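Mind looking over this structure? Questions follow.
By letter and in written order, the chains are A, B, C and D; residue numbering begins at 1 in each of them.
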């Protein structure tokens, strides 16, 4: 794997995370539990789509085959996606949606903070643009997790169920592979494995406040960030997300 | 509209009904309420897909542009579909699925019986092949509607709700237009409007036995059989149904 | 009564009525109905758009649509807040929507069937809405008037974006052109219906106009909409689906066919293509979200109690 | 005991044990476990296939897949009926599946991710299943043995169809070839796991073999599967994902790498890629369907009561 290929993969990972999670979030359009959440979810989705444009735009440049962000978003099949499995899981109930958001935001905020000091100026620039949004996402999702975890008996039990369901998808964030090694040695991105303690501390603090119990089993589902084995959910997501582009490949929208 | 165009439209209507309803039925795969229903639903879907192959195969021949049944099934967008709106409605709960099946089967059995005497030998032949399946579908869906309508309080109320939800989609079966007029005058197919009394009698008898009340409001939703205005549901169905063919148009499966 | 005369005099003088001012019960009820319907329309209106958010053709169009949906939820929020100044809670009028006591704009009972519909909704539906709403910036009730100022600014932005989206289709491939024309075919008459029945059949109007809750008549606004929209359609190379449409040199405006008012009343009565599904979607969202609202409320109470205990 | 000795003698003589015959409790329990797991596997196994029924590439392939799914539900039914002859109801063992007390074949905890997976499931998974099941046609328990005769006939039909589906991909466009290879890459080792852990680690085996509930050892069957499958892969132009795979002239069979048994035990423990979703899907189907089963039962009771009253 060349350095260029590794950088391309790294950028796909960043961009696919925000693309796929942004898509999931946008599925809430018009049906959130309360109007303020409709607004917040649309806003989060919007931020993620914006970040996707930057990451995949740069990915296309690095790849050098003339693919722009839209081409990468809408013309790859599931096996070429590099998002964390966590991002492609279904929205479930609102508890599952907001718990996933929190588990992702916590990692995203820590990771993006490291990218601010990336040796690649484009990466640092995108991270800079994203960092305020990411900090806001975390603040909001953490608050909501706390409110619902420490709300009623039902909201508590739904949040615990969401946490138990999603926790096996947390470990993948911290698995390091050749791509990560290449990014570390080039000073472009941090070693994912080195971020786990900081993540655990952050998550533990919020979940304590939310009166929720972090699952003991740390078994990690994997295969998203390297594309080896996505879940069955991603294929269905792409059916909708890429429909128009696949049916009308010559369209100019 | 030439006679050939009218025949093409008529065949699309027949084939799209079975294609789309067969697809809906196949969505139950693996998740029916009881194993016998898993088997029955898969069997119904299978029959419909088989009928689709005949109707759309003949449609492609009549159109004369080299489209076979698969091409017609998987490469038209929503606006070119000619199924009744009833067929594209979501599966809902099992009650909605089986009530829709019954409302369709009742019409289908009456309509197919007329087609046995079609002046077009191919139409008569396909109707002949389908007629035993269609009679069996009706027997089965009617029995199930009776059992669940006259079952528990909950099953009764779910079946009534399903009937109320679906009844506005019944009227479209009996709307006649230019295509129907051309089929009638050529002796190919019956006048849909002339079948309503027979349908009402059949449906009333079964729903009486099911202790269900036929809604008084006969307002008819329309736009499926002429393609003028499908529901929002069809587009989503096509996203899944046509995914592979759209993404890999050169595939040989 | 004297109060009523004084009230009308203030309105005639162009003064704004504020929440704490005395007002006739009918004025209050009419405003609640009108603002509630408007708010509900913003919310229900996100459903046909949400139907294409997940299938938007580019990241840019998806972002634009998400921003629009976000704005609309925001408009709903302003309007519910403005309505609350009249003594009705957001939950109360929401429940009136959910059980069918209050309406939303019938236009949202039509389906969004192809991507160009999203453009058509921006161009035609927001266009018609703006025409209805711009005069309401001068409406007599202060909070409503101020909400409308904010809303109108964003709506005209949405309209331009919608026009731009359908323009891209109209200038695109044959299939895209077909989408654009198909969208116009389906949304033209429903858009004309958005101004309400002909003046000759319209109820409520006289009193509402005296109270400056309504400023123009339905037919005036409809004509204005047609006159504005037809040249835009021509510019796009699209055909307005009306054989009788033609410029009238004498009146200096377009002659056009009335929509099918029978269909209009059918849709109002609940027989539109999407009435049942739209209301079912909103009810499901509300019911499914009950535990979230309850949970948030419970947590807020705990925090407030803890704060008091700490003081 | 004498009974046990007589029982074993009957089995050794090749007689079938029938439901009303005496049998050791362990024999009954082992059979219930084995037949229940087999039945559950048929049912859960329709989920990864259902995942592509709605996305099948042609009407013909869709029909074939539907017919297969229908057969599998039928197999489930035969096996539940056969298990019922041992005194356990279908609902009882279904509930044991749903609350995790009984297992199903771990292979179905792997996802079906592209269309060629459907071919691979037929070719490899049904192929491995047949290898496990063919000997069971000679199993000692009569109802099980007879069910297996019917099942095996259909399974080998499914296997041929699966092979034909992946062959079409392997002979297709580059993208299709990639699908086929991707499917083989993901399903190869999980298929090898279907024969269970190495004989050295396998529990239950000796007694089950004496009872003729199990006929061959895990390793024997695994080797047979590899020897049969490798030439088929070669014929398709696909590469088995095993660098150590090679023909051994001395043994007259292939040498091959063992699957990752750590992964196997992880999946058995519940940590496979789909364990949670599969069980959740089955539980949801069961819970959502409760009103249907209750309604049907209530109606059947009413009809029976009416019949008695009429007599």
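Following the convention adopted for this analysis, a residue touches a chain if its C-beta (ideal position, glycine included) is under 8 Å from a C-beta of that chain, and two chains touch if they have at least 3 such contacts.
Bear in mind the structure is a predicted one, so any value in this text is a computation, not a measurement.
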| item | value |
| --- | --- |
| Contacts common to chain A and chain C (chain labels) | B |
| Chain pair, B-C or B-D, that carries the greater number of C-beta contacts | B-D |
| Where chain B and chain D are represented by their mean Cα positions, the distance between them in whole Å | 35 |
| Inter-chain centre distance, chain A versus chain B - centres from mean C-alpha coordinates, in Å | 42 |
| CA centroid of chain C to CA centroid of chain D, Å | 56 |
| Where chain A touches two or more other chains, by residue | 77, 239-240, 243 |
| Chain D, residues touching no fewer than two other chains | 55, 175 |
| Contact graph of the chains (line, ring, star, complete, other) | other |
| Pairwise chain contacts under the document criterion | A-B, A-C, A-D, B-C, B-D |
| Chain D contact footprint on chain B (complex, rising order) | 19, 23, 26-27, 29-39, 42-43, 45-46, 49-50, 52-53, 56, 69-70, 73-74, 93-95, 144, 146-148, 150-152, 154-156, 158, 240-241, 243-245, 248, 250-253 |
| List of chain B residues in touch with chain A within their complex | 77, 236, 238-240, 242-243, 246-247 |
| Contact footprint of chain B on chain C as seen in their complex | 48, 51, 55, 111-114, 175, 178, 182, 186, 266, 271, 273-274, 276-277 |
| In the complex with chain C, residue positions of chain B that touch it | 77-79, 165, 168, 217, 219, 221, 223, 229-232, 235, 239 |
| Chain C residues touching chain A - in the complex, by the definition given at the top | 43-44, 46-47, 49-50, 53-63, 66-67, 69-70, 73-74, 76-77, 80, 90, 115, 165, 168-169, 171-173, 175-176, 281-282, 284-286, 288-300, 302 |
